[in-house]
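Beneath this line is the structure, given in structure tokens, with notes to follow.
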Amino acid sequence: MNALQCLQSQSTDIFTEYVRDWKEKGGKVLGYACVATPVEVIEAAGILPYRIKAFGHPDTELGDAYLARFNCRFCRACLQLGLDGTYDFLDGIIETNGCDHLRGMFENWQHVKGYEFFHYLKVPHFVREDSLDYFEEELSLMRQAISKYFGVDITDEALLKAIKTYDEIQGKLKKLYALREQARPAVTGAEVMQIICTGSSLRGEDFGALLTGILEEKANASVPPYRARLMLLGSATDEIDLVREMEAQGALIATDALCFGSRSFWARAGGKGDPVRLLAERYLSHLFCPRMFTEYQERWDYILETARRANVDGAVIVYNKFCDLHGVEAVSQRMDLEKNGIPVLVLEKDYGSQADTGRIKTRVQAFLERIGG
Amino acid sequence: MKCLGLDIGSLFSKAVVMEDGEVLSSAVIDTTGNVADEVDSLIDAVLSAAGITRDDLDGMGVTGRGADMVELGDVSKDDVSCIGKAVSHLVPDVSLVLDMGGQSITSILLDEEGDIMDFMRNDKCASGSGKFLEVMGGALGVKIAELDEFAGRATKKVSISSQCGVFVESEVVTHLNEGEDAAAITAGVCESVAKIVISQALKFGFQDDYTFTGGVGKLKSVTDRARQRIRGAYHEFPCDPQLAGAIGAALFAEER
Amino acid sequence: MYFAGIDVGSLTAQAVVINDKGIKSFKSIGVKPNPVDSAQTVIEMLLSEDRLSWNDIKFCVSTGYGREQVQARGLAQDNMSEISCHGLGAFWICPEVRTVVDIGGQDAKVIRIGANGELVDFVMNDKCAAGTGRFLEVQARTLGLALDELGVIALSSRNALELSNRCSIFCETEVLHYLQRGHSKADIAAGVNRAMAERVAALVRRVGMENEVTMSGGVAKNVAVRAELERILNIKLVRYGVDSQIVGALGAALIAKRMGG
Amino acid sequence: MTAMAAHELKEYEGLINRLSQVVKLSDAFPDQMSDEGLEGILHFLPSNLAGSMRAFLAPRIRDVSIEILKTYGAWLDSAFRAGEEGKKVFLIPFNFPPEVIHCFEGAWPVTSEVLSTLGVASLEGQGERYWDYAMGLGLPDSACSANMIEVGSALTAVDFKPDVIISDCLGSCDINSKTHEFLARYMDIPLLFLEKTVDNSERGINQYYLYFKTLVEEVEEFLGEKLDEERMREVIGNANRASELYWELWDLHKYSPCPVPNIFSLFLYGIRYTMWGTEDAVKAIEAMVDKCSERLKKGEYPAEMEVARAIWSYTSYYFDMAGFFNWMEEHGITHLGDGLDLFFPQVIDTTSRETMIRGLAEIARNMPMTRQMGASSMSVQWLDDIIWATRELDADCVIYCGHHSCKQTWSGASVMRSELMKRTKIPTLILQGDSWIGRMTPMSALQETIEEFVNNVVKQRRTTVRAVG
């Protein structure tokens, strides 16, 4: 089995073969949900950083007992998996105030499960000297909390090594995006989302090695013929099936600005000096997330640059019902993209729901017809 | 002492005649345009079934959403208290009632004395209501009465994942268009209702002796699925669960 | 030389045959359980009425809910989304049209088209309380009226009742509730149509409106919904010369002509 | 923006413009008004306005209401005259203390949610027209209607334009913060912000204090005006007086039957979010306290008996004041105040500029929503405050309005509900309505559920509790 197949074989399991082996070897796993969490700190502690996902899980009845139907269904699906035992392999959780739904998810999760290790990483909503200082302290506190509870010493050397590991990953992912965005693409959007999702359930060092393999395999590959090159942007979605469906209709998702996509790594590099300060700056300054309330211009520049780089024919903004942040952001993005001559399809959809597929198909097909694909 | 209980719901009107806490007879009809006349014939039906006349009645209690549309009865009570009354009378051990009616799913919490401690009603979203099942039945060409038997024929699992009734219908239509087996889809619809009941039960933060009432409570294809997932001891409502409201109303009349 | 378009929706199915001179003939039926049967039935009924055979049809395009299955079964050589088809059909009937409001059985769409009939933008209902043909159908049944009566009777109403419930499934119980309290069918119907029009108007606002505006799909036959929509958006809807229900199938036939002609 | 927004919507008058016309009405009211005289006036008013006026001007509270309305009138009027008086108008959210703005000579506060609420209460068609247009821009219908009404008005109508926005919900409410980021961009005015560190530790509190100081400096810079210690002392003096009155009013709530009219909850925070720190505010709250003391003496209560004492754990409903506040009161259901009354005003030490700024920061940190939803744990802090209030005021039930878009409280509601029952045996009713848009759930439906709850759960409880003593 080659590297990509090996990823694909487990890309929609939660408790993957890999994690099972890791646990059996006595390894620890820390769950986190938001890209504002510096995985380097967890990696440096010799722990597996696991990004909480639901892969479009359709059931929410346990989640609905605590969160409301007015809460984001991605959060309700993750809570479901937390409460039905699927996530029992986690040795602890790092909470972040990514958004109000996410805060609600974590509070209810902890209320029911009561993890022994449950650390709240507080992320400011704007970038300024004072908020950077605060976030730096937050990271030190997280570092202390982890070393204290898991009895490991997280040295600066270990941190710098972890940072280097993720720098290499970033470099490889950028190569992967180059293969994806080039005139004759070598990877599909579904493949890339799979790679990034699965990568977020691996130790950095292992993910890096896998990526090397994938890049070799894909170097001269090519994707099936397509009708149009699209960019996918919007809220947290790990619904690989959604992307697969779109590509089955002839749309090539040539690039993205998703947090299960390029946003999770793109601008995180460079800088030097104290590792904790470095991480604080890298993470807070380049979140590209609408939860940062003063950074629209930076986000917009990033989106436009990405769209141009991948030379897309159109953009699809997808967000889950009840997502306030992306719901409002989508209005600005739509206006600005169209001002720049990039046609837009806005898909406000129910996360993980098969109900919408018929309707989404129609909208995607019509959009392809509209942009003359 | 003989008392009549009347429950005028959004889909069905139900009537029972009770004597000293025992159900003598019952009758159920659709609630449609002309309530006053329907209720008259309903009362006649239930009385003749019990073999008595109006003069033999010592009292009449009325409940249900349409209660205010008839000038009848000596007691008028809302359906929550009537359902609570009926359950504490017929299944005294029960502390959690899951009532699945035409318009809403209501969970009612009873204390040791069988008094209502707390209740929660989900009536904002159609999903899970009797009305919802009726509409889905329409799309699938199945009457509510036949739903159980039909869902039983399912050989495979079709999962219904939309949480909005309007979209569930288009989901159902899509499945049909894709040639899915209607029985399997029906089973999927029942499963989705069961899930709503499960969250409703969990919302009270504990699970204990419980029972189902209301029209949808009759559907094994829903209740069996829910029971698999609700911890705590299940008590079967000793008579037609759809009658719970009417029985409660009759009991209140008896008290007076 | 003939070209055909087949539109299989969730409630009805249509077929249209055109030639160089324009629309030759069309047919509309209620759907069968399976979209392929619906397509087969409607097109073959039409062909036999026209004394035509499959060989006379140079190219056929399917659209609507079942468009893919219909093509897969070889009844059509290609398929196109109903959104594009409604745009093209409306434009062919009346070239001044720039905005098309199409209310189907399962969903409502607002389509903006350009000076050459090309698709400029569109929006589909994605909210819980969606204004759809199905919604009107259900309410009409509750009132014991035929779909077209629902519009006519409403015109005689002086005070349309407010349907407060945003959920189209529960609206039926609300309608029943009004009936039981002795309100006139006219006032209730007027309320139903207004609720429908309000929801459609919201969609129109979302995609933006450019004159001229037309309505296609079965609901376009509902005079009261048309009137309400004209009032709310303060516009005049352009009327089609032909049956508004066949616009989608017509669009498909026009594409068939473009592809096969 | 869509073609629609551009050509159609601008024809309409905006929220603030229309409101300023309406509140002027209150000046026309004589201080003593007969019921006939009132009906005479109401007869000429549009139905929505007349409805709210009926609630405000119920005989038992009429004189106080007129006082309150005149205060709102003065507030909006000053906003309008701000320009010619060389003042800058600050658009602030309800959870930012307006006294901070009043401390500046050259600034005047206008409060988003208060505008939406007044609009819903008094404008024909309530706020729905603006909401519809906000939806027309493609904004999500799950967003807070109070904010969407504001956006719809600001972006699609001809309206009074503020000079700057303060966003004070970072950390406590996403949609509010997002709305004001959006507004600032499309109105092209500066956006100043204050983050609530979701952190109750000393470190978190100090950080908040730092952020607050930075904000004050930014305001000083924007206005080109340094905070003047004397003026601060005067404004904060008024604020302190108002705080003392707040606690007097709070204590009056403890009597049963409650001498405080239901609608005073709304009046109180209406003043708090706009005029706190002015003499007008002090006068208005004094009038409320006097009215309640008088009712206490006379043992006045609108219903035969008080059947329920309810704390509304978050917001109330504002689209039908009479159907909400007055209806409950007349059915013996006392509204002991809602989450927006829980701002824990403290007397600020006016020794120095430093103590006053620190004091204002403390006030800001404890504003409603900021304090609860911006805490280390939303559900825990919210729960603690509600438990405290229920004990203080001897409440026998809690009602959650279930304002659709309020994702934070919705995600804490089930924890709140079960923990409240576990620890205090006090039941919670969870409703599902939109506080500003009647179309979501009509008042009649809400009343039905409230009655059902009171009859089945609360009455029952009261008797047993009393029996136990």
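Every chain is named by a letter (A, B, C and D) in the order it is written, and numbering of its residues begins at 1.
To be clear about the criterion, a contact is a pair of C-beta atoms (placed from the backbone, for glycine too) under 8 Å apart; a residue touches a chain by one contact, two chains touch by 3 or more.
None of these values were measured; they are calculated from a predicted model.
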item: For chain B and chain D, chains touching each; value: A, C
item: Chain of greatest Cα-centre distance to chain A; value: B
item: Pair joined by the larger number of C-beta contacts - A-B, A-C; value: A-B
item: Chain C-chain D separation of Cα centroids, rounded to whole Å; value: 46
item: Distance between chain centroids, defined by C-alpha means - chain A, chain C (Å); value: 40
item: Rounded Å distance, chain A centre to chain D centre (Cα mean); value: 38
item: Shared interface positions of chain C, touching two or more other chains; value: 65, 106-107
item: Shared-contact residues (touching 2 or more other chains) in chain A; value: 65-66, 348, 356, 358-359
item: Multi-partner residues of chain B (at least 2 other chains); value: 124-125, 164, 167, 170, 173-174, 177, 203
item: Chain-level touch network, classified as line, ring, star, complete or other; value: complete
item: Residue ranges of chain D touching chain C (in the complex, touch as defined); value: 2-5, 8, 132-133, 135-136, 138, 141, 438-442, 445
item: Residues of chain D defined as touching chain B within the complex; value: 414, 417-418, 421-422, 427, 430, 432, 441, 449, 451-453, 455-457, 460, 464
item: Chain D contact footprint on chain C (complex, rising order); value: 127, 164, 166, 202, 204-210, 234
item: Residues of chain C that touch chain B when the two form their complex; value: 10, 33-35, 65-66, 69, 106-107, 128-130, 132, 134, 138, 144, 167-170, 172-173, 176-177, 179-181
item: For the chain B and chain D complex, residues of the former touching the latter; value: 78, 80-81, 84, 115-121, 124, 203-205
